[in-house]
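Multiple structures follow.
Heads up, the next two complexes both have chain A, just with different partners, chain B and then chain C.
Here is the complex of A and B:
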């Protein structure tokens, strides 16, 4: 790590007071006073109900909240755990809090959490988002238990989703991560996850915490570190997730996730270039749940944005994509909107060529990732057109087929990755 | 009340059974003459009260709690004159004597019960609780779940059921009958006239039965206690009543009344939580139970203890806590009995001297009158295979010689086998060898009792818990006028640092009470202390 300690003295003092723990629950916050109380209640209840004997600490890492978040965290502890006979939990559930900076950073938040986990020798840890408004105690135990009892090192969440939620994950992030890293972990971009103290210690030792990709989406890097390091990964079903919309547009989301994933591929290339087919991971609860609820996103503009993007970004796409891939994309962009189809084979090829170009830095990586946005819109439009009225099962079948296509074409990726153009 | 009559607040009580302590006549059973011969030892230990377990004639099916004659001494333990001699010798050494008063029930061999069962018309019939069916008082809990199926037992002689809250050979007396109250009062007077200093009233919550209730802690029971107390205060000033009510503190509180019922009561829930706190390495169990402990009248006092002749009762803890205690302290099922653990202090602490000292230090520094169970001052072991709770009632280990110096009888004749394993056996653990070492547990125990006795604040002072962020450390300040003592306990197996907010005591100088060394003066900053595993400090806070 850097020469100067990032741990504030006050935080260190709090850690000293806590001592060794079995469980650590980290709650990164930034102006979450409105929902933090409910989150804390669920976390404490979960610890009380499920881990009565374990030494536990709830750690709040705050990015400089201007509201009452930190005060709320500190003050709302206490006698709430008294049961009907007045005495239920065996141990003190410690609460400690630190402010890691004056601006929110998921990476810095996680850095403080893993540092605490390492120093306190926590066996199982979970990160919980205070923005999730329907968090229940079962979420916390479902993330901690596989780590604590089953000795897993990374536990991703599985959410119950409507058909039109999480499309980026379903059409790109999951199939690609599954193909690249060989483990069928559905959600490596998430706000709640579990990890072991061992993984925390390994992550703490890495010199990547100043990297933009880690600062923005550290959870995916942590997942990839676990997978790439041969540690045991799994996933645990949490149920539906309700959180207020972030307001982040698709460009920023793709930059944060796909760009981040490309970076993870690069930093972990030694672990996946020789990899084989994917393997299922231990899953706790249902594999996942897809409901028929949900309204498809408006399709009106999506196709136009795809078509204009392909046209406007032609020189950029030419430098990223193989000639025939580019040609095929240009061809489908000209097709009849009502009969539009973005073939899975072409989509996978496109994504892999973007990944390879990212690796070879054929142009500014920031711009490169952004250039994928209109193409993703094309893929999305094609999906919506074909699946607007499809059953959950049909959509799942399509998703699995896409995953297999990603795996089938992995050698193509490896070839392009290795050969500098 | 005159201050000298509050002697029980200043007491350090030593609990023993005369049978277990010393056998003077070589019959294998301890007796009063033997006990009298060991009073110097007890005086030297620093205790100033003895609580004697039942020594009355009894079939001994419940270790003497099944009394067959209230006003005599079991012949195996000597004569009534032997008891009187013992009492006088104890008083000569300023040691008070508390005896058992088993008021809830008698043995089924007691003449009262023999008469009562003789016929339904007998004058003593109504001294016990009879019924033609076993369906009265449905839902009342059974205390000895391991051995009893019902609170009713069938009497084949009088062909009806009698009520018993404990073993079926212990019929409950009927306190609705004024003649029973008078008879028990006569028993009390008998012993008070001889000179005993107080009674431990056994099983007091169960004196009265009423339909539709739990038959525990009923108002009529309190009225009976108040009546006894009134009579004692009127005729026997300075005598003390101690309640055995194995209930939560809030329920036990009522037994103090307005200072007009019991002088003292056991704080049952605190004891398991002290053990729990050390195993959990967390002060929470202790703090929680003491926060839930109600205030009691000024003339009253809690009695606190670590171990006694019974199982370490887990009746007043939650199921989760009980499971934890079993898993941590009674892995072997043989260590469990009823709702508790039949083990002694040292084996429960895995013979870890540091933990034994820590718990003893807690016992002697917290508010309440401490009770030390015989043998725990030398770290005696137990034998969980002896049945019932007999494994913690083995002969006192005086030396490494014949029968541990307890008796000159043939070993086969002893009332109980000695502890003889290599770790806790009498050759390894005994009074004589520990007397010779200034660093033995016995010497340490003497020293810590002496320190407690030297400072009134431990006996009468208030307590204020500090709340350091390190939950492995339990710290409190005892305060009585200008006398202040800071107690800091490390409950964990590893070294700890703790910062204490001692702003109230700014400019005081902490003086460590065992070594009498000065520590840095308390200033503006939090007071930093480091403690080794299971270490504790007692600091006298002086403003000089």
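Here is the complex of A and C:
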């Protein structure tokens, strides 16, 4: 078995002492001593109240914390409080902790979790982020239940968002993933998600764990693997997510997410090149929740960065984009700032041409993805300008229209993708 | 008198025949060496082409931006260029060996000099190629980083990086071949020193106010002016 080569002896011993389980909750950590206690409490409470008869294990995979994260995990033993219906778990919830390395890596953390899930023959698994400060027991059950009871293989979270939150996901990642892979899963880039033991075993067999795209954002690759493998995907509403700001270095985030998505497209091209329309997926709870709070960001600077990017990166953009697309972008960059509009059709064409150029490697791929940043800023500015006072419904309507535009232009992507260079 | 002339002509004729008799086998050997060289060069070119196709060098070259330069210079792809170079270097080597077999005294020395230079020329070409690829890659990385961070004059930064790497590569290549070693070293030092000195003067004297503003903005008031992008995920 693949996992025999990389799992530490001590970790294997702990896994063997647990035996088989029904549920596995993985908590990847790195210096999370401050918030881990609350996370553990919520996870244990959820297992105790909702899965009384099931065998469960909580697995901590640590990336070499310098604080007392691991000690805290091991020492904070579970209490056996009765649930709201007076029920208490009939079984012991096991706790296992391992250190997979001396530096944090989402990919390595997930690799250890799926290897453990495979060895313990877990039926349903969930990954929970210890940085979420408002995690409640309902989150855990909302991710595990659809897998355990409804037999889904991948369950993405749905978060309640403010209107200026998650704009990259709304304007690019969701519409594109929906159009390409044909499943309407809103959040494939997430920190909490659920998956089946079957999907864990399939993922474990893939030899992609050393790829940087998988190391950085393994959850999206896992979702794409599930879709590509014909497994059942769904999504579950969790509520608003509160986590300490992880920084908004848009270049790094686009490199990790969009770069990862282009990589997933390339490695799964056999599954999406033939597909056409998207299908809705089973959704537990509301499909979306958008609140109107939040302060609009500084728009002037965003437009400045778009305009200077289009001008300074002209030769790079010329090698990525089609001539007419490039000309249109240069034309809108010269337009009046107050009347600026980035048409959805042009945005979709631009993104698809970037994807095709990534496939044909017309440029170093890191550089290519970075060249998208100024154009994303243009699209962002257009969105903020047009939706400064829009209602939640209007924003959702616009989002749906953009998704449909991505689906409508998919044949154009396929055509450019297949062109021999 | 007549006999002396006939004797001389006979002597000359026999010398000529002897020379031909000595030269012809050498010429044949040379032709054989050239033909064998041609075959060996063909085989090596085919092997290198196959190996480079397997290692996807063209894709790497495309990603690094070297292919763009080759296209601009109307040159073939990287795989083709290297394969053809190997072909010509190999065949030229065999031709030179063949010529040396002829035993023409003046040529011998020149050929041995050329042979001594060949590895140095090859290494110089390699240095230039690596320099070109590195300069292109790093200057583009700097341009993208500067544009995305919103710095002023990103192209200047990018071209400075490209120029410094090119200058370094060219001076290293020339030194490798041994062309005016001291002159190249001195020229590089002068050009590089002048560039740095010029920048120091331009920024320090010409742009004193600008430099002060720049430093104040970037060091003292960095926290105040930090630009926050909306949460993307």
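Note that in this section the second predicted complex is superposed on the first by the 405 of 421 C-alpha atoms of A that agree within 3 Å, B and C clash if a C-alpha of one lies under 4 Å from a C-alpha of the other, contacts with A are read in each partner's own complex, and residues count from 1 in each chain.
As a convention for this text, a contact is a pair of C-beta atoms (placed from the backbone, for glycine too) under 8 Å apart; a residue touches a chain by one contact, two chains touch by 3 or more.
These numbers were taken from a predicted model, which means no experiment stands behind them.
In the superposed model, A:52 lies in contact with chain B only, and not with chain C. Legend: residue contacts after superposition of the two complexes on their common chain; A:92 is shown touching chain B, with no touch to chain C. When the two structures are aligned on the shared chain, A:365 is found in touch with chain C, with no touch to chain B.
Using the contact criterion defined above for the overlaid structures, shared-chain residue A:16 touches chain B, although it does not reach chain C. Applying the stated contact rule after C-alpha superposition, one finds that A:71 touches neither chain B nor chain C.
Once the two complexes are laid over each other on the shared chain, residue contacts for A:250 go to chain C alone; chain B is not touched. By the touch criterion defined above, A:391 reaches neither chain B nor chain C. Counting the residues of chain A touched by each of chain B and chain C gives the higher count for C.
In the superposition on the C-alpha atoms of chain A, no part of chain A is touched by chain B in one complex and by chain C in the other. Every residue of chain A that touches chain B in the complex is listed here, in rising order: 13-14, 16-20, 52-53, 55, 83, 85-92, 94. Contact residues on chain C toward chain A in their complex (touch as defined above): 59, 62-65, 68, 137, 140-141, 143-145, 147-150, 154-155, 227-233.
Residues 164-169, 189, 245, 248, 250-251, 253-254, 257, 297-298, 301-302, 304-305, 308-309, 312-313, 316, 319, 361-367, 370-371, 373-374, 380, 384 of chain A are the ones that touch chain C when the two sit in their complex. Contact residues on chain B toward chain A in their complex (touch as defined above): 276, 280-285, 288-289, 292, 317-318, 320-321, 324, 468-472, 492, 494, 496-499.
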